[in-house]
C-alpha cells in the first residue's frame, strides 16, 4: 500500500503526536494518550465529549476545540475507543455541570460508552448520551434506532457544543443535540474502497464503473450497487433517499453538508454540491448554511456523503455560533 | 484424565494467541465481506499485546484469561475489546480459586463469562454473531458434564458444536454489529466473530487435551 | 474512472458554479466566467491576483478572499488560464493603486501572464508580477529561475495580500511577496498518480512500493524514484533536500506547510509532520507556524509536499494577519 | 498546380481539426511520459470548439486560421492556447489580402506566424519543443520557394522535414515547458508539441495538395 507511515500498528499514536504538535493552539494531550482535550475548557459549562475509531479525519479529534467538543476518545483505525478512554474523556471534560457524550451508533462504541457511563456515574459524574443515527441507508425508517451515525454527527457536535457554550444545563444540551440528530438525515455513495494500514488489500471491493449506494463510513455495504452515474444522477439518488425520510418540505430552511470520503478530489464535491443545490432549489428548500469539503472521511475511499439538517430558530442560532476546531473554523480562532 | 493443572494454563493461552496470529488475514478477509475488514487486525493486535506484556511472567489459566481480557478491554477497544474482554474476565474470575480444573469447572467458567457478556450485548443465537459459536459450545459442555462424559470427549464435542455454530452463521441474516444493516446481503458469508470464537475455543480445547492428567 | 462528474469537458465550469454557491459569503462571479473575485474588495489598496490550472483545490480559487487574493483566473485542469482571464482578473482587482499578479512558474502561465500584463498596461493598469519558484527538485540552485512554483505559492499569496491589506504600495507588496518566494523552499514526493477527468488512465505511473522524489504538482517526474520509505525516511529525504538549498539554519524561525496531494489520508500527513518536526527540532530550527492538510493538491494523487519559509519580523507579522478564504481561515471570517 | 483558392480554405482547417481529434489520446500519452498528460485533451478541446463554433460559417483559409488561433488563445489557455494561437493568428494576418495562395505566400504566412511566436517564447531548435518541427518545416518551404519548386513537391518535402524534426526531439533534452526539468530523463521520448505540430503541418499539406489548381 502506498502510504506515508512507519509501523502500521503505531499509526494512531504517531498521528496523535503530529496532530497535537500541529494544533497546539486548539488542543492538548491528557494523561490518557488516547484522549485529547480542548485547550482552556471554560469552567461552569456542560462538558461535551465524543469518540470513535480513527481514519475519519477531521472526525473525531478535528472537532475538539473552542465551542466544539471538549474532549475526544481515540480508537484504533475503524475501531471504537476503549471504555477507559471514554471514561477519561468524561473526567477531563467534567466541570461539575454534567457531561454530554455525543457519539455515533456503532456496536463497539455503544458497548464501550455504556461501560464508561456506568463507571463515570460511579465516580459521581452526571453523564448523558446522544447517539447519532443519521444514515438513512443503514436501516428502514421504522428501525431508526439501528441506523449508523455518519457525517451528521458534525451537526450534533456543533449544536450540542454551542448549546453548552451558551451555559445551558445538561438536559438542555442533550435535548438540543438530540434535536439536531432527529432533524438530520444522511446518505453515502462509495466509488472506490479503502485499505486498512495494517492490511495489504482493500477491505471490500467496488467494481470499476459501479457505485455503492448507501455505503457506510467503514465501507459497510449499502442498499444496492448500480452502474456509476453522472454527478447529476448521484445527486438525484442522494436527494431522493434523504428528503422523503424526514421529510423535508418546501419552505424548509436547512444546513447541507457534502463531504468527501477521502480521495475524491474536492473539485468533484463542488460539482456534486452544484447538482444537489439545483434539486433543492427546484423543491423550494432553502440552504441556510452549507459545508462542502472533506469533513468526515474514510481513509482514502472515493465517494461522498450528503447530509441535511432541518433548521428551526434554535438550531440556526446554534449552528451559527463561532467555533474553532481543526475541522470546523467559524469566526474567531484566537 | 479428568482435570488439568490451573497453574499450567500458560500453554493454553499461548495456543489461543497463536491461532489468532495465524488467522489474522483470514479473519479480516471475512470481516471485509460484510463488515469493515479489521477483525483480524483488531484481534491480532490485542492478543499479541497480551503475549508481549506477559512474555516472561508466570500465569495460571484463570490469571491468563483475566489479563488477556483486561488487555483487550483496556487497550484495544472496538466491539472485540469489550466482548472478548468481558468473556475472558468473567471466565477468569470464575476460575480464580481452582487448583485443578475439571470439565465441570471449565463449563462453569465459560457459563460465567457468557452470562457477563449477556449483560452488555443483546445478541442471541441466530443473530449472526460470535454468540452462535459460544452458545452451542457451552450447551455441548453442559450436556457432557451432565452425562459425566470424559473431559477429552467433551472437548472434542465442544469443538464440533462450535464449528457447526460458526458454520450456521453463513445462512443467517446479521442483526447486530456492522453487518446488521445488510439484510439479505449478509447471507452466504460467515460472521467474522463467530469464526474467531470457534478458533479460540478449538485452540483452547486442543491445548487442554495436552494438559489432561 | 471513478468520479463524480457530468461531462468531463464541463468539470471546471460546473465546479466553479458549485464553488460560488457554496462560498457566496467569500467570493463572487465576474463578467468573465473564468475569473472569480473576493466579495467586497476594499478600495484604495493594491489588487492581488493569481491564477493557474484547475485540479489543485484549494488552489487557486480557495485562496481568494478577505486579506487574501482579490481575484483569480481559472484554467482548464492542469492548464494555464487564458491571457484574457488574467487580464480580466487584473481589471477586477484594480483599485487604481496597482495590481500584483502572484503566480507560479509554468511556461503556459508565463506566456499568458506576459500577454495579459502587456494588455493591462495598454489599458493603464499598473501591474507587476512575482513568480513563485519554490520547488527545489525542479532545477539546480544555479538555475532557480527555472524552478516550478508549488505549495509555497500559498505563502507568497498570504504575505503579498497581507502587505496590500496594510495599505502598502505596489512596490512594497511586490517586494514582500518576492521576499516570501525567496525565503521559501519546497519538495514533493509522489506515491500514486492521478488521472485527468477527460482521460481514461493515469497520466503517468508510479510503481507500487516506490516513490517519486521531487515530483511536480502535475506529476512532472522528479529527481529520482526510490523504494517507498517509511514516514521517517520520507521526512529525512524531504528535509535533506529543502534545508541545504536555502540554507535554513539553527535558530531560524520558520513557517512549515505539509500538504497532501489529494488522496493521501490526512492522518498520514500528521504522521509525516510529526517526523519532520522532530528533525527540525534536532537541528534547532523553530516552527513558528505550521499548516498541515490538503492545501495544494493534484487531483487524487497520493503523496505530500513539504514547504518551509524562513521568517523575519515582517514575514511573521504578515503571515499572522487574519484572513478568510475557503482554503485558509485565520481569525475572523465575517 | 501553383496555387490554391484562399476561399476554399475550410477543407484545410477541417483536415487539421480532424487530425487532432484522431490523435487526441496519442498526444496525451506522449505528454504523459514527460509532461502532464493533457496535450491531446487541450488540443482536442480547442480545435473541436473551433469546429463547432464555425460549423455553418463560410471561412477562407486565412480567416479560418485567425478564428482558430483566436479560439485557442481566448478559450483554451495553457501553453498551447498562446503558442498555436499566436502562430495561427500570425499566419492568418499575413494571408489576409490573398485571393490565391502560392508556395511563396504560404511560406510567408508561416514565416510571419513563426516570427510572432518568437516574440513570446524563447525556445530555439534543439530545445525539444514544437519549434523543432516548425523551424525545419519552414526552412524546407523557404528553400523550395527559392528553388521555385513545384508546390506539391514543396509540401511533400515540408512534411518530411517536419517529421524529421519531430523525430529528432526524441534524442533531445527538454529545455522549455513542463518536461524541461527532467534533464536526462526526458531523453528517449518525443516532445508532445512537436508531434502535434507535425500532425497539423501534414494535415495542412495534404489538404492543400487536394486544392491545388
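The chains carry the letters A, B, C and D, assigned in the order they are written, with residues numbered from 1 in each.
What we mean here is this: a residue touches a chain if its C-beta (ideal position, glycine included) is under 8 Å from a C-beta of that chain, and two chains touch if they have at least 3 such contacts.
All values reported here derive from a predicted model rather than from experimental measurement.
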Compute the distance, rounded to whole Å, between the mean C-alpha positions of chain B and chain C.
54
Whole-Å gap between the CA centroids of chain A and chain B
33
Touching two or more other chains in chain B are residues none
Residues of chain A engaged with two or more neighbouring chains:
none
Taking the touch definition from the header, please name the shape of the chain graph: line, ring, star, complete or other.
line
Judged by the touch rule stated earlier, which pairs of chains are there in contact?
A-B, A-C, C-D
Parts of chain A lying in touch with chain B, wherever the complex brings them together
9, 53, 75-85, 106-108, 111-112, 114-115, 137-139, 146-148, 196, 198-199, 202-204, 216, 218-221
Touching residues on chain D, where the partner in the complex is chain C
25, 28, 31-38, 41-42, 45, 73-83, 120-121, 176-182, 185
Residues of chain A touching chain C in their complex?
2-6, 11, 14-19, 21-22, 54-55, 57-58, 189, 191-192, 206, 208-209, 211, 228, 230-232, 234, 262-275, 277, 290, 292, 294, 297, 299-300, 302-304, 329-334
